[in-house]
Amino acid sequence: MLKVGILGAGRIAGVHAAAITAHSGSTLVAVSDFIPANAEKLAAQYGCEARTNDAILNDPTIDAVLIATSTDTHSGFIEAATAAGKAVFCEKPVDLSLARAQACQKLASASGRPVMIGFNRRFDPNFGALKAALDAGEIGKAELLSITSFDPTPPPVAYVKVSGGLFRDMMIHDFDMANFIMGTAPETINAVGTSIVDPDIGLAGDVDTAVVTMTYADGRIAVIKNSRRAAYGYDQRVELLGSKGMLQAQNVLENTVVKSTVDGVTGAKPTYFFLQRYTAAFTAEWAGFVAALANGTAMPVTLDDGVAALAMAGAATMSVKTGAPVRLDSI
Amino acid sequence: MLKVGILGAGRIAGVHAAAITAHSGSTLVAVSDFIPANAEKLAAQYGCEARTNDAILNDPTIDAVLIATSTDTHSGFIEAATAAGKAVFCEKPVDLSLARAQACQKLASASGRPVMIGFNRRFDPNFGALKAALDAGEIGKAELLSITSFDPTPPPVAYVKVSGGLFRDMMIHDFDMANFIMGTAPETINAVGTSIVDPDIGLAGDVDTAVVTMTYADGRIAVIKNSRRAAYGYDQRVELLGSKGMLQAQNVLENTVVKSTVDGVTGAKPTYFFLQRYTAAFTAEWAGFVAALANGTAMPVTLDDGVAALAMAGAATMSVKTGAPVRLDSI
Amino acid sequence: MLKVGILGAGRIAGVHAAAITAHSGSTLVAVSDFIPANAEKLAAQYGCEARTNDAILNDPTIDAVLIATSTDTHSGFIEAATAAGKAVFCEKPVDLSLARAQACQKLASASGRPVMIGFNRRFDPNFGALKAALDAGEIGKAELLSITSFDPTPPPVAYVKVSGGLFRDMMIHDFDMANFIMGTAPETINAVGTSIVDPDIGLAGDVDTAVVTMTYADGRIAVIKNSRRAAYGYDQRVELLGSKGMLQAQNVLENTVVKSTVDGVTGAKPTYFFLQRYTAAFTAEWAGFVAALANGTAMPVTLDDGVAALAMAGAATMSVKTGAPVRLDSI
Amino acid sequence: MLKVGILGAGRIAGVHAAAITAHSGSTLVAVSDFIPANAEKLAAQYGCEARTNDAILNDPTIDAVLIATSTDTHSGFIEAATAAGKAVFCEKPVDLSLARAQACQKLASASGRPVMIGFNRRFDPNFGALKAALDAGEIGKAELLSITSFDPTPPPVAYVKVSGGLFRDMMIHDFDMANFIMGTAPETINAVGTSIVDPDIGLAGDVDTAVVTMTYADGRIAVIKNSRRAAYGYDQRVELLGSKGMLQAQNVLENTVVKSTVDGVTGAKPTYFFLQRYTAAFTAEWAGFVAALANGTAMPVTLDDGVAALAMAGAATMSVKTGAPVRLDSI
């Protein structure tokens, strides 16, 4: 039975607490938060202790630490937890600073402790089925990947200002998805962006709508589209053209009811946002972490994966500013 | 070049006039109507002569006669035209009276002249593809057939009164479709019906919504659903469960545009009514007639087919009245 | 906290044990089975006691009994459990004998204890959304209901012989679904059936493919199609034509991946069988039971509902044998 | 009655000959080809004369000239025909040389004669419905346009060498589609491309797979994806995200039949190539030309539109070579 402590007691910590508790191979021992009352509330809900970060990190009976704190503390906690001998599951992104993330990567690697980064979408059964079909050769060789990822509503500008920007905060999921499907990082990254959804996002130095094209050493191409707003809900699609066909992972809908009237034939919208869409993915993600530890196999998403996606976000951020393509190896 | 005369100059005559004219192997020579002005109008539109029925039937240069007059005249014109040595294409139904149709069948058969009945749906490319997939064994052996056939709006009660009733006027197409797909007529016919769309249709002795189940000698089952009203347009679907799978011919939509908004994901409605939905079928139907004559092969839809569907309509009419199943061989 | 004992420790008991355990308002106290080892196994899995039926029924601390035993014991256990003052949740069908079920209904009613019957499909979110849209008037008044319900593979003939037949064992779910959507029972029931999937099922006196048409006092019509075999999996659809449109609850698919190749455009199959398809429904069903007890409101599916569906199954069984429609009030 | 001569007697000339002949307001008088036998064959098929180019251009009874010759002759024939007082319909592209096209544009403009360029996709009913919905405000303001355009199979390298390259030969349709939907030309064009489908296309200096992102003065973004090969057929989709929703024009399928088996749920492929997919568009395109002449209104697609798309193709060609974005006003 894997004994787990969670650092952070916000919304995503709650998602993980549920997964840890429901999994027959893990148990939630303690939770901390920089606002102690939050930790107490979550602890009460899941029947575990509320502690300080240090009390969790220093408890020798705790096997694994799940980091769900604010992004600026991720690297530090990864370093502290691995130094304390814990296995680590850390929410994305590793850091907003690539240099800081790389430093963390070195230390964590030296510790020899396993670290998994929470790119939950790799565990979505639909994207997983697409990847499996590709690996099974069902469409021949991959040639052109398209990822569409639209949020239902834009975040407040206050959030945007501390988010690291659309590429590090939102598209980072899609960079990782591209790496997951293509099996390697691209060579060049080419971004265009605009703040057409909310001009205040532009005034804050960020974009809310962006298209990134990426080229690979072997001639493949990928394109990622992001928008902070889709009136119809959370739009999460992947489309891959191969030499012998195309694979598409379409949206998950709220239900299967279709209504035909004089106004047309209307089906349900996509499930609203990530908590609804990726329910199964969060459960499978945690199971992947537990299984890798139990089997002594490699983490299904590594700290290296987290750093790679961060580098891509950095390149895209630079590209959208300079208006020129950026080679990933120049980052 | 097949020289053709049309008896009748109404809406469906116009559809056929266009097909005859567009076909490179047929030419429209003359058209008649019991209202001469109608014949003149259609003749002018297609650059042919307006004549009397007799002038068409007696013209030795005319090879084929297309009968698009009112139903009560069909049998008589089939007899007259075949007696005059013409090949005949006659709109459905053959007659409202099964006895009258059978008498016609005998005379026409004795004449040796080919007669085709206008069950246009057999020529719809979608139903044709379903039939071809069945014949190719793609779903194994047929077991359970379902036909859905809803009109967009109910006809006026005045029309209902002279129509022969829903089973002879509307479901007769579906009886023929069942025969086309199942390859044989059923043994028993079991109908329920109601006038829930328009009570005045009930007062006129007819139903506007009906479900017919049919059983076959080899254990297969078919079910046909009809409604005189579907707010979203003309609903024309066929679904066939077989031992190794299912085939569905779905509706043809007005276009492929899908709109996603806060109200849902909305696509286009089915094409409105039979003139839109069966455009390609009317063209292919005429081509089938011309080709059978040119090649000396059997008509793709025969007078026997027309009489068989009429017998099924009679059985269903009896079943809905008596509330009991009717054996087709008792009709 | 509702304290629950389960009678029976088979597959469906396991489904309910999971739901009872996961629900924050209920706890599983004990489980019994006529094979004690089965009870012990399930008890160990969920951390509760294995007991005899009597020990559960006589335990004054147990609030509710969930009956998941073989059908022939349902009525007796409903009577015993209500007599013991328990709230009861009983799997469908109430009994194979309508008379026995009605006797049970009387006793249970006299006891004043609440009884819910496990028609889980009412809690499927898709059928629920269809019902909600109907109740909201989105398609006007209901006119013609169609229910399609195909199992992936036929059961062994040995099972068929003790099942009560397709209408009591399988279509009973669809009879209840019709009552759920139409809001009232039909007047007449008209069944055709065949054993085209497996002739041995016919030799055992049952059918494996059936179509039932039902008429309602106000002129509505319903049709239910059942097959014991669909090569592509569990086919569970509802379609309702109303005066202003149509509602369809389509199948739930295994995933959203679509593959386009030279062979066509292929999507995933429906989820395989009821455990996959109705996962959410089983959870919601139990929540409905707990909520009704907590709030003192009527059960969302009553013993009367169970008896009504059983009467319809009896009428259909008679109709398929006599080849004639059966009035429900004659049963 | 508009009297028309066609220059060129290849495949696309045949498509136009059919449309001219079928239209009640136009008649085909003569056709020419640099291989006279080709002209004679087409003339025989449509019952018109085979002539030389000059004999058509100099015939004062001919009102309109349709140019369907090889691309390198387009500009010259536009100039000659407008100088001869003809209305002109010219196939795309105007020219491979932007400078030459601009010179032609000046002369044609000075002539005062109307010139239409054959961007047939604007007349596709699906793209037309999408545009109409946008113009009706159904998704608010346009923000992010995506055009997918894949051919079924790559052309021979010999064709590629004289084609002007993928951007001028293939994507030019999509550049015009973007202009049609967005209502204005972009500011910057940013292309990536590869020859992953056929390396010989790369050796010939062209790409076979490309993604172009375009930015607009008001902050909108468009992305176009092209591949010379899609194993499943001709893939022609448009997707537009707006402030209040999304519009998608999906592929037109060969038929509506869906087959469900143990292997999945399979529908038909897209219609194979442009002659099948754009049948209706070619008819509507010609009707648009005839109507504009009859009504004295502006051509629905102008020579300016043709030159604009050509400039965009030039910018994309430069961008893919330099690896940098190109401002359209720098071309």
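Going by the order they are written in, the chains are A, B, C and D; count residues from 1 in each one.
In the analysis below, a contact is a pair of C-beta atoms (placed from the backbone, for glycine too) under 8 Å apart; a residue touches a chain by one contact, two chains touch by 3 or more.
The structure displayed is predicted, hence computed values, not measured ones.
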Could you label the subunit B-subunit C interface same or different, taking same to mean over half of its residue numbers are used by both chains? same
Of the pairs given as A-B, B-C or C-D, which one copies A-D, with over half of its contacts the same by residue number? B-C
Name the chain whose C-alpha centroid is most distant from the C-alpha centroid of subunit C. D
Quick check: how many Å separate the C-alpha centres of subunit A and subunit B? 58
Between subunit B and subunit D, what is the separation of their C-alpha centroids in Å? 40
Multi-chain contacts only, two chains or more: what residues does subunit C have there? 139, 230-232, 235, 244-246, 259-262, 268
Please output the residues of subunit A touching subunit B within their complex, sorted ascending. 230-232, 235, 253, 259-269
For the subunit D and subunit A complex, residues of the former touching the latter: 139-140, 143-144, 146, 150, 188, 190, 192-197, 209-211, 213, 215, 218-221, 223, 225, 227, 229-232, 235, 241-246, 323-325
Contacting residues of subunit C [partner subunit A, same complex]: 125-126, 129-130, 133, 138-139, 244-252, 254-262, 268
